[in-house]
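Each of the two complexes below includes chain A, the first together with chain B, the second together with chain C.
Our next item is the complex of A and B:
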């Protein structure tokens, strides 16, 4: 039990180093930082709600660039290694395929969370840049308790996305198709709650409704993590369910990770 | 083989976890936004939809607000507020003002500030109280707990009935909140001035002068303060007494 864990951590460490050395990763980080700073300009166009614009744009940027890092990272990790045959170097050693997948996943998630953490520092600076407006924006709510939670929830989304991206990179034949599949899950995941709401309103009949609801349940529901959009809604109950949401995220990521392991263990090179 | 069995067992356990947590979360976190079919069709509809695809209702509403400001901030005769300082927006008709405000509300019904600003502009600058009231009524329907919608609706009704005393009392309550639009503050200043309460009027103008986010509002407050000084000796004394 300890040996596979050590092996997985070693693979994770290598993955993080590979990611940070990857030119694409650095470009993404740099570009994300640039957009965050550009949010200062966009904020200036909305006097009176300046910090709100910087806050919202920053959180979306943080997530989108986290998503891009996760998707490109996952897709290039396994697909590139399979295409260049360097994967043999690892798999010919006494490393199980499950350990390889888990190690890759942990490394990828760490790299993505690092990107998001770096961008959140820039985001925070952009928000407090004009302290008077920042104070006015945070009037009546505790920014210092809410902001870290919003970041944690964004991290939850990334956990699921990285697992999905890793799965598609194993099963897709090209990088583009893996990107498209993961992107579609991302979009569909943000419609989870709305989809349920619409089904409740429009679909009549027990069986039909159950089938549609079951189909909707297969998709990940990113709205459970989308606190950046919902935290300010009066009587928002989400903060009481953070534990459940993170458990859901772990379950979903675990599901795709297990699926990846099953798929990968059957794969012949 | 053992690894694959373990993975299959993990698959079943994780599926059970997802199923259980999903049920709990979907019951605890119901959908609180208007559905996609409620979105207002404008030339920016594709953009709105794109933002929602990324799960960004708030950001979509922010961008819609900036576009509203650009629409209402530019004179229909082609120059902006910044052209030589004060420019009277009541000159234009701005027929899309309510539509663009409704667009913001449908994207994020809890972004209340712009709705108050638009309702004030519609009722008191454009003299279209009916549209302002419709906007506020939809606001109340979508976010019933936001009491200032009720307050502003009553203020518009008072204005319609010419009840200035009632309107002053309501506006005195409204300006206590930090996000009260400068338009309401300036209007309160004018009403106080008409009622002969010069000192209170000067205080309100001064507050707008120091706190309004837009330069055009600050210039407007300054202009009104100057005209108050010129009005009478009593008014000039009142203005002097409130200066720090």
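Our next item is the complex of A and C:
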């Protein structure tokens, strides 16, 4: 049990180093930081809602650039690796294909979380810049406890996004298709409730509805992570919400990692 | 004599589907041969004769359609057998942003080496392939020949008993070819078994104890060193003669 874990961590470490030294990654980080700082200017355009603009725009930027990092990371590291044959030197060693998938996933998630952490520092600075406004906006919630929880929720989404991006990077035949598939899942994941509502209204018949709902459940449901929509409600049961979200995130990511492993184990090079 | 590799009636058919139509092509057909401990065995053939396919099946990168392969007496893929082999691909590709030391650390860990042993062997193999000065430079700055040397370094890192080299002299300059040849001979003298594919007849003539000639996926002849020893250029004659007799398209 120890050797596969050591091997997976070695692959994860290499993934993080490769990602951080990638010029594309640095460009993504630079643009993300730029947009976060621009939120200060946009906030000035909305008198009375300054902090809300900085707060919302910042969190959305964090998530979108986390997504971009996950997708480009998966495509540039995994799809390129299988195409460029660097994978030969890994798979000809005593390494199981499941270990490879887990290592790559851990590395990818670490790189994404690192991106988000770096950007959240900028976001944090932008908000602290106008602390009184933020305090009022959070209806008395502690500033220090709410913000990290919001980041944990955004991180949970990225856990799922990285697993999906990894799967499509293994499955897809080109970078573009991997990007399109992952992006589609990410968008659909934000409209899970609406999709279920539409299915409920439009699909007739118990069996047909069950089949369509089962198919829809393959899509991620990011509603579990939308803590920022609800955290300000008084008497909100925060830890139950967080526990459910993380349980769902780990389960969903685990499911996609299992799919990736099955697919990858049958792949020839 | 102890057998390191046994290939029995190995066949590989490639299937490719496009728009609902499946095309099949032949990789190798009913291949049977063995590599004995301590020998240098060469696979010789024209482009597309099945050399790389054979090596990839042995290494577990491709799955056989029929037949079986045993490494150190164990059917592939086998964890213990994989620890005992070192592989150099035809064109070694590496992570461009990593340095040789970093990739060797990765491959050493994947080969289940202890960290201290990895550090020691990294110094040794970089010296062997004469790349110690470039140990901390990112590999995106390397030439093809330098990458080939690092490829050899990673294949030797865990001190494997059996080396599988796919076209090891491709892309090397004349000096690099000579150094590579001397290294293979030295490793063989140190007891390593070597299987290598090549279409460079002169290299095989100088290195191999036995040569298997592949044509259109079939092993059409097995030659022993005694058949070309002390007769420079004779292996080439034997190769052409064998291909002509087999009716291969030349």
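The rule is simple: the second predicted complex is superposed on the first by the 242 of 269 C-alpha atoms of A that agree within 3 Å, B and C clash if a C-alpha of one lies under 4 Å from a C-alpha of the other, contacts with A are read in each partner's own complex, and residues count from 1 in each chain.
FYI, a contact is a pair of C-beta atoms (placed from the backbone, for glycine too) under 8 Å apart; a residue touches a chain by one contact, two chains touch by 3 or more.
What you are looking at is a predicted structure, and each value in this text was computed from that prediction instead of being measured.
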{"item": "Which superposed partner A:222 touches (first chain B, second chain C, both, neither)", "value": "first"}
{"item": "Touching partner for A:2 - first (chain B), second (chain C), both, neither", "value": "neither"}
{"item": "Which of chain B and chain C A:259 touches, first, second, both or neither", "value": "first"}
{"item": "Winner by number of chain A residues touched, once chain B and chain C are compared", "value": "B"}
{"item": "First, second, both or neither for A:207, with chain B first and chain C second", "value": "neither"}
{"item": "Partner chain(s) touched by A:241 [first = chain B, second = chain C, both, neither]", "value": "first"}
{"item": "Partner chain in contact with A:94 - chain B first, chain C second, else both or neither", "value": "second"}
{"item": "First (chain B), second (chain C), both or neither touched by A:18", "value": "second"}
{"item": "First, second, both or neither for A:85, with chain B first and chain C second", "value": "second"}
{"item": "Touching residues on chain C, where the partner in the complex is chain A", "value": "56, 59-63, 79-80, 82-83, 85, 87, 89, 91-95, 97-98, 102, 105-107, 109-112, 138, 154"}
{"item": "Complex contact set, residues of chain B against chain A", "value": "3-4, 6-8, 10-11, 13-15, 17-19, 21-22, 24-26, 28-33, 35-36, 52-59, 62, 65-66, 69-70, 110, 113-114, 143, 145-146, 178-179, 213-214"}
{"item": "Contact set on chain A toward chain C in their complex", "value": "3, 6-7, 10-11, 13-14, 17-18, 21-22, 84-86, 88-95, 268-269"}
{"item": "Chain B contact footprint on chain A (complex, rising order)", "value": "42, 45-50, 52-53, 56-57, 60, 63-64, 96-98, 136, 139, 187, 189-190, 193-194, 196-198, 217, 221-224, 226, 228-230, 232-238, 240-241, 244-245, 247-248, 250-252, 254-255, 257-259, 261-262, 265-266"}
